[in-house]
Amino acid sequence: MTTKKIGDVILDVRNISLRFGGVKALTDISFDVREHEIRSIIGPNGAGKSSMLNCINGVYTPSEGSITFRGKTFDHMNSRQVAEMGVARTFQNLALFKGMSVLDNIMSGRNLKIKSNLLMQALRVGPAVAEEIRHREVVERIIDFLEIQAWRKAPVGQLPYGLQKRVDLGRALAMEPQVLLLDEPMAGMNVEEKQDMCRFILDVNDEFGTTIVLIEHDMGVVMDISDRVVVLDYGKKIGDGTPEAVRTNEDVIRAYLGASH
Amino acid sequence: MFYRENGQFKSNYRADMGLFPVAQDRWAILGLLALAFVLVPLMGSDYFFRAIAIPFLILSLAAIGLNILVGYCGQISLGTGAFMAVGAYAAYNLQARIDGMPLLLALLGGGLVSTVFGVLFGIPSLRIRGLYLAVATLAAQFFTDWFTNRVKWVTNDSSSGSVSVGGLDILGYAIQTPVQKYLLCLAFVVVFALLAKNLVRGAIGREWMAMRDMDVAAAVIGIRPVYAKLSAFAVSSFIVGVAGGLWGFVHLGSWEPAAFGIERSFQLLFMIIIGGLGSIAGAFFGAAFIVLLPLLLNYVPHWLGLPISTATATHVEHMIFGALIVFFLIVEPHGLARLWSTARQKLRLWPFPH
Amino acid sequence: MGFFLETVFGGLMAGMLYALVALGFVLIFKASGVFNFAQGAMVLFAALAMARFAEWFPQWLGFSSLLLANLMAFCAAVLCMVGVAWLVERLALRRLVNQEGITLLMATLGITYFLDGAGQLIFGSATYKIDVGMPKDPMIVLENVFEGGLLLSKEDLYAALVAAMLVALLSVFFQKTRTGRALRAVADDHQAAQSIGIPLSRIWVIVWSVGGIVALVAGIIWGSKLGVQFSISLVALKAFPVVILGGLTSVPGAIVGGLVIGVGEKLSEIYLGPFLGGGIENWFAYVLALAFLLVRPQGLFGDKIIDRV
């Protein structure tokens, strides 16, 4: 296996704090993500990991701090802008469009790139149809990659959980992202499904060079595939470095095993 | 056995994306169109056209429009009557005030005015949703009720508050008899249904459904909520506005604001709930149901020899509607359309049970 | 100035009536999370029951005491509303547990139509009178301050008193009793409440019964003032803007909202009406609610809505 070339810092999170009324979800978090790497965010439940992704994605607006993406700094992100800049994500609770088929769900990830306007779509004139077919081809390649061909017309809501997670990933991949934010992509999966998902993630990172930011609870997976790890606890950063460094970090061990207070 | 896709292979995506991929469906639709355009005009009675076919067609059109907003985009609207009213009055004003205004342009123009109106009253949907949006659309409904009642300009200063339209014609062909009116409405409905179907299976349709199913996730994949919601309001109110124009011009001939009151809004909402939310075919099912039920309620007791007063019939009608709404929401939220497609699925396997 | 104050008072009193209807609404929303579109229909149904039973009991049982007739009618009407609550829970709510708000809203729309039809089928569709002995004569106050004094309606004052008492009673119920706490738990999360052993069905029947009884009180007062007729359910539609203003989850909000709308309507009719041709009352409440929805969706006193992904 050729060694991966990890690039410069592509995403830089600085001093992010997030408050909901009286609850402080994130306190002064700073870390960076380098291009082409797999960066994991770990921490006990409620540590603020999903909230962190939500800030990067524009779902939440941080109370303080800034996010720099490819050199441009923002103090809050706009979801559409973020999507246009090439950041895609999956959701912990599977925010799939339950009313649509697998194919339509993944096609919706292509919407950013569809140019034909309302009238052209209504009349279904040549260019509109040609564009639809082009995007369909891309989506079919993703479906092949994720091995979900048999279910492409099935309504997403009827699929088992593991397959739904794949569709979620497919939709994010359809956006051709440079950075992929994965929120617990392997939650609730058995060993085989986890291996499959790991394979997909590594393939995406390998073939397309996509930078991956991964929230995951399975320590084995995290230690195996990550290049670097950030550890959060109670909304604060308590560790940052290579998997080995983090594994032996006392604060991290204490956070997971608990200490007598 | 009969309804099978055996041997119907698609060798390119274009074929797979077609409107009716199953050959039997294609034949069925062609047959239906032949029936509607050729056979029915020859066989139907004037009463049938006036009381059943024309209202059915126009209400189906309005239901398609409403379904785009409520069923596909998930924005609830209790103000549909208002949009129909705007379309009707705008078309009327265009025809009455501009000499030589062709009928088709007047109707489409009415639709355009309704579009502007719809986008305006769709703006609240950018900040509020669900139940709150329902109340906001009530504002549109009551405001329009008042506006068409009080503002004299709208009714061309008619003293009685009602307006009427005279002989209709298109490019010299008169549209006077019920058959002609029926064919006009049929043409409108077929064209608009096709356009609507193209929209909902295209990119914008996916955007609408994404907004309906999970708008936070939709924003994250780069869908602009503003564009998606307002385009749904725009397209929906255009179609509903044209339907309103047709209702006033072709079906009623002369009307007052009460024709487009809140009762109409409820009626259309019921149509799409019973017919099937998020389904173009559902609009037709629902409209058929709503048009036929009162007639049934009037005739069945008659045939059985139990006369009931029209007031009682109305009350029973309300009870049946209400009960059916709850029934459908519990048992089959996707309405008659889903029941129909489930039946077709079973038909594909017939005579095997599964 | 005197006229202005009279208008304001008149508006306050009308507002109290809206608030009464809105109260039942807030109750049901607070405790079952359902936006009960059928509240107006419930008011009409209850009022019809009250009016007709008050007519029928003397006929059936052959007495003539108005007080007795009203008491019996009231009990019968309460039973009716409890029956309606039970039916609604059994046939509709139970099957729609944890569906989205829109589905429940549309279900209550269906219930509205059903109650409309059923009420008029059972009780009749003419206009009926309710006479619970509310004083119909006006009273004149503050004769020394304003020339001729201010004209107030005693009936409206009594209505206001009743509403105030109801609010106090309900607030105590919600805050202090065990059932009240259970109701609030259910409103928060149906499934969670079920999982800690709260009997969902029974709670819902209780809530809708209370909502029905509040609707009955509102119906009696409205009916006594205006006569029981179909248009009551349309006027009751105005309860929605009231709760938008006051906040869907706030009992005092329903009162304040009602008062604001009541006064606002009357004032805008008198002072804006001449410029715009009159009839402002028909849409003022809704447009005001719309404005609120754009600026402050949770209303004056409601809980802020936070979406978690």
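All chains are identified by letter, namely A, B and C, in their written order; residue positions are counted from 1 within each chain.
Assume a residue touches a chain if its C-beta (ideal position, glycine included) is under 8 Å from a C-beta of that chain, and two chains touch if they have at least 3 such contacts.
Here the structure is a predicted model, which means the values were calculated and not measured.
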{"item": "Chain pair showing more contacts of the two, A-B and B-C", "value": "B-C"}
{"item": "Centroid comparison with chain B (C-alpha atoms), farthest chain", "value": "A"}
{"item": "Length of the line joining the C-alpha centres of chain A and chain C, rounded to whole Å", "value": "48"}
{"item": "Between chain B and chain A, distance of the C-alpha-averaged centres to the nearest whole Å", "value": "41"}
{"item": "Centre-to-centre distance between chain C and chain B (centres being mean Cα positions), rounded to whole Å", "value": "33"}
{"item": "Chain B: positions in contact with at least two other chains", "value": "216-217"}
{"item": "Shared interface positions of chain C, touching two or more other chains", "value": "309"}
{"item": "Shared-contact residues (touching 2 or more other chains) in chain A", "value": "59, 91, 95"}
{"item": "Residues of chain C defined as touching chain B within the complex", "value": "35, 91-92, 95-96, 99-103, 105-107, 109-118, 120-121, 125, 234, 237, 240-241, 244, 248, 276-280, 282-283, 286-287, 289-290, 293-294, 297, 307, 309"}
{"item": "Of chain B, residues touching chain A in the complex", "value": "12-14, 17, 195-196, 198-199, 202-204, 206-207, 209-210, 212-214, 216-224, 231, 235, 278"}
{"item": "For the chain B and chain C complex, residues of the former touching the latter", "value": "74, 76, 124, 127-128, 130-132, 134-136, 138-139, 142-143, 145-146, 149-151, 216-217, 262, 266, 269-270, 273, 311-312, 314-326, 329-330, 333"}
{"item": "Residue numbers on chain A that touch chain B, as the complex places them", "value": "57-59, 79-80, 82-84, 88-89, 91, 95-100, 104, 107-112, 114, 116, 118, 121-124, 128-129, 132-133, 136-137, 140, 171-172, 175"}
